[in-house]
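Next up: some structures, all given as structure tokens.
Shared between the two complexes below is chain A, which pairs with chain B and chain C, respectively.
Then we have the complex of A and B:
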């Protein structure tokens, strides 16, 4: 009888996850374009993948996506750790902090992207205004139209949106540590650094590694924020792999090459997941 | 993690540092939203003044009127709402059935099933976007409520099953066993005895799936490009043209979309946090 209950979800998983994944892998071996759809698809073997390895736009997108993932997730983790440690203390105003943490999380990414876009405006933006007022900078920064600064701008907007969530996850790990451990360590004369490295970190490692895995994969597939904030510009400086793939599929109508790009994204995600295999196993127990 | 003696010695310093942190933290987090809120009431002149003015020199509702007249914003809200409700309903129905058999029956391949679910959360949506587009096109479900809702459902399913099967585990088996002895079928036992007991869990999952569906952009853009079924997240990006970006209108539209969401989140924050932690990390 139990099987009957699980069938509806299995049908969905097969139709909407497994079939599409294999379909994408399959189409990546074909030359298949919207413009010449009537002619059908022709098998080209690995030619799409060979093309990827000679595709400068691909490498630029991959480089940006990896850099963005590493920097954004590191910052989120470090800042999230600091916030979580402060949130874990019995201090006044904790309710307000925990509530405000949910604001960036609940706002749709598209809307937070639009908010930041206006704040980044070179001429009318509040960020340049504040920085100029505080004398951090001498002249207005072209946040979204300079290749280097645009990368930083996207990272800041992403860290703003996701750090609060990260700090909640880390907090949930911290709360499982019995206070007696800290007291005992303090009595033994351990300093704060030792306590963090030898008690806190090992004990929250399982929670932390799963959280980092999920954040790495979510950041690696970034699309919404970039689509609205920079559309991948200037000069593809902030184009993520997802954005490039979507453009290949739906703007250029190149289904075969798009499928090959999607396959590469899939394989990289798979490799990242395998790196975290141990922590994933703990989630399945 | 401060030592007790430290706290006593530096009580004032610590309090002061905490106050600075508090202002910085809450300020940074809330500022973009507050700024957007103020902008939504500004006139064109204030919005594009150099340097920017913090408070509107004159408060106007013009932007809110524009938000509804420049685009069929009300229609977008309705579309987003219907799709999010439908996604929630489907995730809960399909998810609770699956959770029940995971938690209550001794079917084989439970681990394989859970692994499949986990892989959904690990999968980049980009990998399946084109086949899903072609699938929905051949089923005539492009620009429909159902097509997008089904896609949202599959992404809500892992959370639903994870969270609800944990909930089912806490209900004593004797309850339904006695119902089965009394002659009830497994279906009756399921929806008359078990479902009412897991209502709190269903509620938590519903909020999270609803918010995720409401915020969906990638698939909304690809599967529902036409105005009649366009959702809010897609519609709000279309106020701008190649030549102008009407920031006042966009701010007003953002506020209209965000405020109900924030009220929902603030009212239900306990449930949301517990659901987020359960769904995100089970370490």
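Then we have the complex of A and C:
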């Protein structure tokens, strides 16, 4: 009887999650293109996947995506931790501090992407303008037009945008720590470093690993921010796996190969979440 | 507040009247629509200022029995294509007619999703269209759409600066580089040229103008890839040198979209600009331009004096879905939409550049858009981008490989050779 009540959600899960996932998996074994759709699809077994492993563009995108994920999430975690600690203190004007930390998260990605694009501009961008005025630099930095600098620029924009999310989750963890523990530690004469490493960190570890897992998965699939900032350029230097997949599937109309790329992206995300499985299971001692 | 309570009877009467009126309206509307009216669904650009609705009303007035229902496509061009693709892929009969960008006809024609229009259009009807738009809707010897708006890349230049330094409007790219350098040496804070050279479709448009003007091509008549040629290498070398050697392009050009290229030109910091006609009005609007009255327009330069000038063709056409239940009527509307009357309405109401030659001598249009007279040579020399159902992927390969030359990952020759190879691989040649 009880199962009747979960049928609606089961239908939703099937229609919106399982069907698309399995259909993508299914299509990845076919040579199937919009351009030759009239001829139908031909089964090619694992050939799409073999092609991926010989695809220079795929590896370039994978390399960029991994680098982007590792650097961006590490920076978000560190800065997020600092913000969370500030937000956890009893300070005058705490409400304003918390709100202002959260603002970047509240701005839609497309808009913050456009905003950063204006600020990065070499012609009229405010960042170059200020740096030049203060004489930090002699020539405008080619923020989005140099293969190397563009990677840094994209990371900065993403860190700015998503650090608030991290600090909010960490803050929620910090607030569950009983104040008595800190009082006891203070009486025992522990210094701040010990308090952080032996009390704060272990106690927020479950929250922190969930937060990092979420961020890693989301960052790994980054699309919108990069689409707005660089569309993957210059010369594919900032093309993420999702961007490449979407271009292949929708813009190029290569459904079979696009589905195979999506499947590989999915498997890598799955492997990443397995890495976190252990720390998610770990209970408070 | 207490209207009904204080004046109950009056309120009741009013309510009755309203109900009666509503009823009458419904009856009237249903009579005028009639059960036998055919309704066509037209997937179109947004309504904007209402001119599109005026065109539809005009069509409905002259074609009793057919109604046209405008369905708005998304703003972004790629999203438009995705949506149309999805509808056609599922053989949905609810879309009868749709707007198509200039590079799409081969995609739909090859997939067998659209109705060929040869049987419906006489040669006389096609005669008035400019050669570029006709070329764009022709694929595998058949006509697949009716052009209703054209576009072409052109050279904007600073009249005042050229006059001051006693320079001619450049005829070749080499002259453009030379003139730029000459003026850059004598004017503070000025750069030479800009275009949309970021990694997106705009780069393909700009690139093809260079390649064609040097005599290069992507495909030959038989559809074979012939991109790797000394002519193409010369064209890509010129572009790369303009950035890295001659240094006439603004910094950051490899991430310039059309707006980024316009900004420095409008603020008076560029001598030349490659842009579409849509930039013209903005360049002459004192609110966002400091070069009002100082801008001239010319056809784009040639690769060498014995070549000709080429502009990349842009523009839109209407195509008829193969899955439409009312193809006859849909074709009627397509013909009307690309007809003289509708194109004139769009020119006056939306500043769309007509795709029909006879409209360039129309006095109303010339009064509203005097500049199209100067631009006409560019529209006539406009040339469609490489035609292939795989166009989007071909274009992406060209963009990425060309940018590799821009950022000096590769030489121009290597970039051209690699692009050629990758397009061949893609098409199985």
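Methods note: the second predicted complex is superposed on the first by the 275 of 285 C-alpha atoms of A that agree within 3 Å, B and C clash if a C-alpha of one lies under 4 Å from a C-alpha of the other, contacts with A are read in each partner's own complex, and residues count from 1 in each chain.
Following the convention adopted for this analysis, a contact is a pair of C-beta atoms (placed from the backbone, for glycine too) under 8 Å apart; a residue touches a chain by one contact, two chains touch by 3 or more.
Everything numeric here is computed off the predicted structure, so don't read it as measured data.
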Clash or fit, chain B versus chain C on superposed chain A: clash
First (chain B), second (chain C), both or neither touched by A:34: second
First, second, both or neither for A:266, with chain B first and chain C second: first
Touched partner set for A:184, first chain B, second chain C, both or neither: neither
Chain B versus chain C as contact partner of A:250, first or second or both or neither: both
Which superposed partner A:123 touches (first chain B, second chain C, both, neither): both
In the superposition, chain B vs chain C on chain A residues touched: B
First (chain B), second (chain C), both or neither touched by A:106: first
Which superposed partner A:235 touches (first chain B, second chain C, both, neither): second
Segment of chain B intruding into chain C (one of 58-66, 112-120, 148-156 or 238-246): 238-246
Overlap of the chain B and chain C footprints on chain A, listed as residue numbers: 123-124, 250
Residues on chain C engaged by chain A in the complex (per definition of touch): 78, 81-82, 85, 89, 107, 110-112, 198-200, 250-255, 260, 263-264, 269, 389-390, 392-393, 396, 399-400, 403-404, 406-407, 409
Complex contact set, residues of chain A against chain B: 1-6, 8-10, 12-13, 15-17, 19-21, 23-24, 27, 83, 85-86, 91, 93, 96-112, 114-116, 118-119, 123-126, 129, 132-133, 160, 164-165, 168-169, 172-173, 182, 186, 192, 195-196, 200, 206-207, 210-211, 214, 217, 220-221, 223-224, 227-228, 241-242, 245-246, 249-250, 255, 258-259, 262-263, 265-266, 269-270, 273, 279-280, 282-284
Interfacial residue positions of chain B with respect to chain A in the complex: 1-4, 18, 21-22, 25-26, 28-30, 32-33, 35-36, 39, 47-52, 93-95, 97-98, 100-102, 104-107, 111, 113-132, 134-135, 150-151, 153-154, 157, 161, 186, 190, 211, 214-215, 217-218, 222, 232-233, 236-237, 245, 247, 250-251, 254, 257-258, 261-262, 264-266, 269, 272-273, 276-277, 280-283
Chain C contact footprint on chain A (complex, rising order): 34-38, 57, 121-124, 139-140, 142-147, 150, 230-237, 247, 250-254
